[in-house]
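Dropping the structure in here first, questions after.
A, B and C are the chain letters, set down in written order, and residue numbers restart from 1 in every chain.
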Amino acid sequence: MTSPARVPLLRLEDVHVHLGRSHVLQGVTFEVAAGGVTALLGRNGVGKTTTVKAVLGLVPRVGTIELEGRDIARLGTPAVVRLGVGYVPEDREVFSTLTVEENLRLAEQPGGTAAYDRVHELFPELKTRRRQRAGTLSGGQQQMVAIARVLLGENRVLLVDEPTKGLAPKLVTEVAELLERVAETTTVLLVEQNLAVVRRLARDVVVLDAGAVVHTGPADDLLSDPDSAKRLLGVASRRSA
Amino acid sequence: MRAPERVAGVLPWVGRLAPVAVLVVLLVLPYVQLDVSWVLPDRVNGPGSMQLLALCLVFGGIALSYDVLFGRTGLLSFGHALFVAAGSYGTALGLARLDLSLWLAVLLTLAAGVVLPLVVGAVALRVSGIAFAMVTLAFAQAASILVLRNPGGLTGGEEGLPLLRDAVPDLLTGVVNAPYRYWLALAYLVGCWAVVVWLGRSRAGHAWAAIRENPERVAVLGISTYRAKLLAVVVGCFLGTLGGIAHLLVVGGASPSITSAEFTLTLLVMVVLGGAGSRWGAVLGGVLYTYLDNRLLELASSEGVQSLPAVLRVPASEPLFVLGSLFVLVVFFAPGGLAGVVHGRARSPRSLARRRKRAA
Amino acid sequence: MSTLVLLLATGLGLGALYFLVASGLSLIYGLMGVLNFAHGAFLTAGAYGAWWAAENLPGAGDDGFGFVVAATFGVAVGAVFGAVVELVLIRPLYRRHIEQVLVTVGLSLAAVALAQGIFGADPRPFPRPGWTSGTVSLLGASVPTDRFLLMAAAVVVLLALLALLRFTRVGLVIRAGVENRSMVEALGIDVRRTFTLVFALGGAAAALAGVLGSVYLGSVTPGQGTSLLIFAFIVVVIGGLGSITGSAIAAVVVGVTQQLANYYAASGVGDFSVVLLLALVLLTRPQGLSGRPA
């Protein structure tokens, strides 16, 4: 729970999204406090990715969405991103015909200095592979590019959608470590199915079901209670990673 | 929002009676002696007016046939000219070069009007969207080139192929018989309308509407989109071929202008102007466009326009400029065409469906 | 042998013309998803612009340098026309693809009619510098020099476009946008400004095609844009929507095929075979020669 005096970094209130004939988001309301990782959880198809896209304006939405108190619900995607919202999409979506270097260059924000030092320190492999076409990278390497992109500028919040999907266990750990380091300086809203990762990273959780929020609270509380975890997430919450 | 209850109560009756009333009016026009000289070339049942009205009705039908593909099923075809030209040139060739009787020539042409769309459709429907449009364009261009090159002097090249008068019943030839050609055109339009109404209510028609709105969902539901689309292609193109025959009989010759891509584009303009997906919208679009195209030319040579300053006179003297600009305005402010405006929405049913689909 | 050389040169010259028109079309469709029927109007605008300049602008005319001035004016007209069309007609209809296509259809009809109204439907003789009317002896054949002018122009434009795409930030945005437009926006880039540039570039290239095409034909008519446009569309689709190199290769293939078939088979078969080629490509490889599967 945030103290009333402090404005939450990201706030959604009664957000609705219709896609085709489906009413995908039916009044989503939650807050993301500044600092650390907030995990967005729920079974498949409940609307987690759609929620992230709604914040960015990638789907038409109605309702209230505020970034540090500023209304962004009516802004187009580029404007939202320029306010400091970084997006790491599900399926990475790197530009396969561009080189690694070009993928990063595209992500440079105008007017600021790009933090290449930080990126090369976190992802040394991207420096050696910088002239390689992104389409020929492995899944894990593409994920690095996708995360590196949002670290070049000074983003206030990162929306990260299932970064460990489809990765081998060793890479999952690597990505989790990475996100842990990133979260030291930037707030992260993380959509994730892998509960071990959530357990490691998340401070708070927001659980969705059928297009609405059904639970919010500290991560530890939810994850240490196997019954609620099972009920809300449909999976058993194992104690060991 | 209009008072829905009152409108809803009246509308079904208006909807049912209106086409019948319109048909009755159209039927008796050749008996009307009224002189409306600036709306029509001469008296209502004079040869000039009858000829113009006949042409309008033929294009109303052809526009409706195009709407079956574009408005109803969402298939953007750039090759409709091919089928209309097949009707026109097919019959003209049968009469002039093969010495067939009119009935036989028409019958053979109609048979071609079924086979041709089957072939083209089978090939074109293997791809969708822009690729589909390009394949249909390719077929139509091939035919257009063929006609213009005049192989063996068959098609008459740029000058076209006149209708062989001896082969056609006397009732349809000659300036004085314009009313009979008018009734022929009306018969064609009514035929198209009837087919479209009947099919629209059938299972095929519902499949078409579903495909137009959301092809992926239809495929998931197990309805064969390929067969439904092919049916739309065959029906729409067959009606187009029939329109080509009607056009030949009304105009008295086959002209290469109906083979061109520009011809198909004008059909697109007609359908959108009137309202894609709406029966009477498409017909009205065809009628209105043909009328304007003809009358604007008359208007251009009138004193009123000739006396305008050059800046206004030059654009106004070109009917296609006026029509093209009008079309642009319609797309901007009333993309549902006339039908959309009348139904109180600025959006056509197609475009509404498309917006919902795009949001997906 | 000398006939073959002449046919190849003509084929390459025509291919150059097709490429000039197709390059803009390809970028516009690849990046914006707009099938720009008004591209023919850019062509016509460029041709008549140059013609008008040669008659009316001081320093312009049909001699060497004067021609360059007139041609530059024509190209500038095309670029401005392209930009204006995008700003006024296309941008307000953002994401409404069907309406965008329809608007270009209406514009194409109106523009050709207007040109006809202003300049008349009859062909007007087009200014051509003396050296383009001559021939060059190559491998025993007498090849008209205008073919080489076309080829040279196309090569310059091709290289310029490739350089733009490769080395500039705008080019980077275009390449990325052709692949995944919404992700480009999700990186904070407003692609809409790039759209105007792409339309201006397309307009300029088409205008150049109009000018050089009129040199090749010797005259300018209102309808020449439309007939070239159909072949340009075919080239774009065969080459792969959004690919400049694809368009270049396809343009050469189409131009040469057309000439060879027209000569060795019969007049008209060439055009026919191009259309056949399109159908073949679409059925076996719908994404074109170098496009990515959709």
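Here, a residue touches a chain if its C-beta (ideal position, glycine included) is under 8 Å from a C-beta of that chain, and two chains touch if they have at least 3 such contacts.
Please read these numbers as outputs of a predicted model, since none were measured by experiment.
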A-C or B-C - the one linked by more C-beta pairs in contact: B-C
Label of the chain whose CA centroid is most distant from the centroid of chain B: A
Chain closest to the assembly centre - both centres taken as Cα means: C
Whole-Å gap separating chain A and chain B, where each centre is the average of the chain's CA atoms: 52
Distance from chain C to chain B - Cα centre to Cα centre, in angstrom: 31
Rounded Å distance between chain A and chain C, as computed from the means of their C-alpha atoms: 44
Contact footprint of chain A on chain C as seen in their complex: 169, 172-173, 175-176, 179-180, 182-191, 292
Footprint of chain C on chain A - complex, ascending: 56, 58, 76-79, 81-82, 87, 89, 93, 95-98, 102, 105-107, 109, 149
For the chain B and chain C complex, residues of the former touching the latter: 76, 123, 126-127, 130-131, 133-135, 137-139, 141-142, 145-146, 148-149, 151, 261-262, 265-266, 268-269, 272, 314-315, 317-321, 323-328, 331-332, 335, 350-351, 354, 358
Footprint of chain B on chain C - complex, ascending: 29, 35, 37, 89, 92-93, 95-96, 98-99, 102-103, 105-114, 116-118, 226, 230, 233-234, 237, 241, 267-268, 271-272, 275-276, 278-279, 282-283, 286
